[in-house]
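Below you'll find the structures, each written out as structure tokens.
The following pair of complexes shares a single chain, subunit A, combined with subunit B in the former and subunit C in the latter.
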Partner chain A sequence: MTAAEQLRARARYRRLGIQAVLVIVTALAVWGAVTNAQYNLTRLNMTSGFAFLDRGTGWNYSFSLVERSINDPYSYTLFIGLLNTLFVGFICIITTTIFGFLIGTLRDARHPALNFAASVYVQIFRNIPLILQAIFLYAILIHLGGPRQAVSFGDVAFLSGRGVMLPGLNVTPTVAVAILLASLGLGIGLILARTTLWRGLAIWFGGSVAMALFAALVLRPEGEGILSIPVLQGLRFSGGISVPIELFALITSITLYGSAYVAEIVRGGLAQVPRGLVEAGQALGLSRVSIWSRIKVPMALRSIIPPLGNQWIFMMKATTIGIAIGFSDLFYITVNAISQSGQTLELILLLMLTFLAINYSIAIFTNWLNARLKLKEH
Partner chain B sequence: MTKFLAVGAILAASLAAPQMAAAQSETVKQIEERGTLLCSGHNGSYFGFVEVNDNNEWKGLDIDLCRALTTAILGDPDKNQIVPLSWAQRFPALQSGDVDLIIKATGWTMGRDTEQGLQFSLPYFFGGAQLMAHGDLGVTEAAELAGGTICVEAGTTIERLVANYLQTENIEHSMVSYESAAELRSAYLANRCDAFAAWGPFLAVLRATEIDNPDAHVILGDQLSAEPIAAAMRQGDEAFVDVVNWMLAALLIAEEEGITSANVDEMAATPPNPRVARLLGAEPGMGERLGMRDSWAREMIAAVGNFGEIYDRNLGKDSPYKLERGLNNLWSHGGVLYAPILD
Partner chain C sequence: MAVAEIIPPSRFEALGKLFMKRGFGSPVSVAISVLVFAVLGWIAWSFLDWAVFRAVWRKENVENCGHGGACWAVIDARHRLILFGTYPFDQHWRSTLAALAIVVTVVLSCVPAMWAARRLAVLWIAGFASYYLLMEGSLLGLQQVTTDGWGGLSLTLFLFAAVVLLGMPMGLGLALMRRSQMPVVKWFAVIIIDTIRSLPLVTTLFTAAIVVPLFLPSWLDGDKIWRVIFGFALFFACYQAEVFRGGFQAIPRGQFEAGKALGLGYWSILGRIVLPQVFRHALPSTINMVVVTFKETAIVTIIGFFDILASGKTAFGTADWAPYYIEVYLCVAAIYWVFIFSLGQYGEYLKGRMALAER
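Entry: the complex of A and B
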């Protein structure tokens, strides 16, 4: 063996040794934490394990997309919390992305008034903590008064301190969720089929509306119209879609806050598009809209997607402020379950694993999107 | 030889045992050495029970019971220290010795009695979950809340009681629960919900003082539960439980017998019957059996009055809250409070 080979071999052993030590130390730390927790739980006579998941909860909460009762076991109640978090998270991701693109484009615009308005928006909403904005908005909204004092919009939609009442299709909540899922499936199918953006959007929108109308026609209760309009009855409105004020406040505040960040990401992306490309478009006589949609946005997307993915993950985590305003998201349900069942470690573990799974999925999706949009020539 | 000594020691110990039973409790011994009784306060004011007045002094029903116990043990109502504790802190603080006992609107539950290693005194107060609604709704009982929204504090026993009750009565409703009591109160006042579910006495006090126009709110007739409120102590010092129980018993007996802070000395000088004589230490027995002074009950009543006086001063007719005594009256006046037999 030459001297050089000996040195190389020694370096390899050293590397392996360091890795092995690291693995052992990590394993010891994990083992220590687990046994320590077990010892202390036994010492304090506390029961551990997941048996409580099958017990009925006995308490109610503010919002659920599906049927629920106070007899539901903890597992089902936590599942409803997960649905609520995903529901709010995805709505916020969509609204934030749309508003963010709009405001980011305005920030990039040459029109001084629009530019200024967009800057003011970004500075205000980006620099006030989200939880403060949510509590502030919620406090304003609940002071609108009860259903009897509701603000009416043409007698079909109402806004009160209890919630927003909208006219809706005459279907049960379960059917509504099924329609949403089908619409989501259609969207994913179109992305996988690699249809062009505008065509895909048109098919998705048209298809979703057609599906919803069809479902309402077929599944509506006997002898009732397709549309259900909210009507004041006793202490509350019945009919239509009722959006509880907590849900409305949560989505609005997360959207306002997140849009400011997305706007900055979009502005940064647009600013990186080489001037030469824009000038080339102008030389070809393309309209400003065409330059924006066919040159600037496609080029900018490459630098926008990775930070935008981070922002989407943040939106999902931001749903946990629901607890501050009484919205039953996964975090709220978990915290309440901890108070009521006392199974702190198990519930926190479930919560962490769930968020890890959700956000890791978003990260994988973002990476896939990024890879797909990358310039192939590079 | 050593064997003899050991046997002798065991014999001596077993002979001494009957006297040991009457000996002082460990906790009382510590309190006497320290010269102060450590009682539980609140992180803020829990009106009527544990509250801070404008002069930064503690007052309330539970504080007066602490003062009564201080007088019984140390002979001076002011030799106590009120340790401010949140609801969540109270049991860990008791277990770690930061307070000697908890007298703070604390319900006697099975979990606390067993898993949490506590023991409870005789219940001295009964209060249950109730609902308060906005007056303009014109409702008087829970059944009329059908279709309405009810607010409640998240993670509490009240939350489960209300859910359970409304399901039993088949009252359709929506429920919004908040993590913070302040958030809950402001949501109710902002009319986010039609009704507010909480501990009855707390609602009454809130309605009487904290709300601008008490007549605009109605406490509904439904009694969702009746929780026995008792003092909580660490498991293992039975003698201390005896002291606290007889402190409460003495206050109730004094009310039954018409002994007040004003006439206690007179009653002690010329007791109308043997029970009063024993209670006020005119006859021996009251102190020795608890390892305390014979005159402890007399001094205590002179300092804080009987149970009725304490109630009236803090919650009843002499307080801003004007709460009826209801269940919290002597058994002979239609309530459920009674004292064990003083023999």
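Entry: the complex of A and C
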């Protein structure tokens, strides 16, 4: 064996050795943790396993999109928590993306006043912790007073310390969910059909509104209008859609904070579009709006989508601050379930697996979006 | 023929001209400018009117509060609680010095003369150690104050410094493991990094505070605050590892090969050739991570630590001060904002400077 071969063999053995040590140490740590957990659990007289999921919870929480009672089993309660997290997360993703694009475009605008206003917004909301913004906003909102002192917006929408009352379609929640799902399906169908951006948006918007109106027209209760408008009756509002104050505060604060971040992402993307392309558009006599929508945004999207996807994942994770203002998201429900049932390990495991699943789905979606938008070279 | 002297317009003048041209060049721009500046001016004026002109500043004048102006008397009366939490009142000078030690550490790390791994390490360890010695006290012969007594802004700064100090080497370790050619080592790092990054920070911290003790024998349990700091540092490390990975990717393969050709070993190549460049490339993103970490420390209030957010809540927790929660929250927000904004601006400045150097 030559000297070089000997050296190579030694290096190989060393690598094998290091990996073996890592495996053994990890295995020992896991084994130690498991034995300790078993010991600690028997000491605390706790049984492990997922049997508790079928037991009734016996406690209440602030918000649910679907029917619930305090006798629901743990599995169903956790499912409601997941629904709430997804609900808030998706709403925030949509609002934040729209606001972020708007403000990011203003940040990129040539007009100094618009530019300045957008910069002020970004610098204020990006540099204060989200949880502080949420708690602050929540504190302001709950001090607004009861429905009698509600702030009225044209007598159709009201903001009070109890919640936000919005006019809505006169349908049951089930029908509303069905309409939302149908709208979502239409959107996915349009993406798969590869329509152009603006036409797709127009069809989606028009189709969704038509569906909603049709559903409301057919399924409304006998003798009532299509729209249900909140009216103050005595000490409370009746009719309309009632948005609990926790939900409103959470969505608003995540949107304000997140759109400052998205605005910076969008600005960065727009700034990277080569000047020549914009000038080519000007030379062709395109209007400012056309240059923005047909040249700048499509080109910028390629550098915007990857960080935007990270931001979407961040939004989903940010819903967990709901616990600080009493919104029953998945984390809130899990923490309550832990303190009530004591099944710490099982519940934390479920929570982690759920978040892994949600975030991987978003990551897969962004990768797909990115691949689809990639510059196609001939 | 005399050559007419052409003076280039000053930068300020040029900016002014551009401003006039873009902001007031056409009727539409004039309308937009007037509208936007009017709205902004109105907001700024109402805020100033409330926060300055009609405000009550001293706690002696608290009976004047509640007449349409801010009541900064609450800050005057309760600022010690906000800044130091429940730390013993007569020992507040220690908390002040300790917090200053952290601030000085951060400021000094921004000076380019300090940008060497060893100097930074010494600086941060020294800053952190002086904080700990001052706050804990028993080693300096002062009255001992355990970590449950720490609070307010001092605690926030402590968490921040501890997380960065502990997380930075962990992040570097994870980044190196992730680049390793040994499959077991690499996948170990990949799994840890990807898992922690997909979990919300509060879940990680909650696990560290509540769940981990179940897995540990009682002699390893330690203080809750240290478990949380470790969990937080792991979170920081996983993101920082990705930042370092970006830095590694910016270095051409040839540099490693050149090192190998010279007969240098793995650690020499790393320490003398690669890492100095990685640090430089990763600097702007690292500062960004540090800023994010400072912001995220606010999360610990959820798992029951008495950080500045929690101490602020306590500050208006009594019946007398309850109406002035807005003033307290604004004050806490302003403290966060000053720290985060200045660090962020510094990061932007560095990014610009480095972009210039790359050209």
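In the analysis below, the second predicted complex is superposed on the first by the 336 of 378 C-alpha atoms of A that agree within 3 Å, B and C clash if a C-alpha of one lies under 4 Å from a C-alpha of the other, contacts with A are read in each partner's own complex, and residues count from 1 in each chain.
Everything that follows uses one rule, which is that a contact is a pair of C-beta atoms (placed from the backbone, for glycine too) under 8 Å apart; a residue touches a chain by one contact, two chains touch by 3 or more.
Quantities reported herein were computed from a predicted structural model and do not represent experimental measurements.
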{"item": "Partner chain(s) touched by A:60 [first = subunit B, second = subunit C, both, neither]", "value": "first"}
{"item": "Subunit B or subunit C, by number of subunit A residues touched", "value": "C"}
{"item": "Subunit B versus subunit C as contact partner of A:139, first or second or both or neither", "value": "both"}
{"item": "Which of subunit B and subunit C A:335 touches, first, second, both or neither", "value": "both"}
{"item": "First, second, both or neither for A:27, with subunit B first and subunit C second", "value": "neither"}
{"item": "Contacts of A:313 with subunit B and subunit C, given as first, second, both or neither", "value": "second"}
{"item": "Subunit B versus subunit C as contact partner of A:110, first or second or both or neither", "value": "second"}
{"item": "Which of subunit B and subunit C A:184 touches, first, second, both or neither", "value": "neither"}
{"item": "Contacts of A:280 with subunit B and subunit C, given as first, second, both or neither", "value": "neither"}
{"item": "Partner chain in contact with A:201 - subunit B first, subunit C second, else both or neither", "value": "neither"}
{"item": "Footprint overlap on subunit A, where subunit B in one structure and subunit C in the other make contact", "value": "139, 143, 323-324, 335, 338"}
{"item": "Partner subunit A, residues of subunit C touching it in the complex", "value": "19, 22-23, 29, 32-33, 36-37, 39-40, 181-185, 188, 195, 198-203, 206-207, 210-211, 213-217, 295-299, 301-302, 309, 313, 325-326, 329, 332-333, 336-337, 340-341, 344"}
{"item": "Contacting residues of subunit A [partner subunit C, same complex]", "value": "15, 18-19, 22-23, 26, 32-34, 36-37, 40-41, 110-114, 116-117, 120, 123-124, 126-133, 135-136, 139-140, 143, 313, 317-318, 320-321, 323-324, 331, 335, 338, 344-345, 348, 351-352, 355-356, 359-360"}
{"item": "Sites on subunit A touched by subunit B in the complex", "value": "45-46, 58-62, 69-70, 139, 142-143, 145-146, 161-162, 233-236, 238, 244-246, 323-326, 332, 335-336, 338-340"}
{"item": "Residues of subunit B that touch subunit A when the two form their complex", "value": "115, 134, 137, 145-149, 154-156, 159-160, 163-164, 167, 174-179, 183, 186-187, 190-192, 194"}
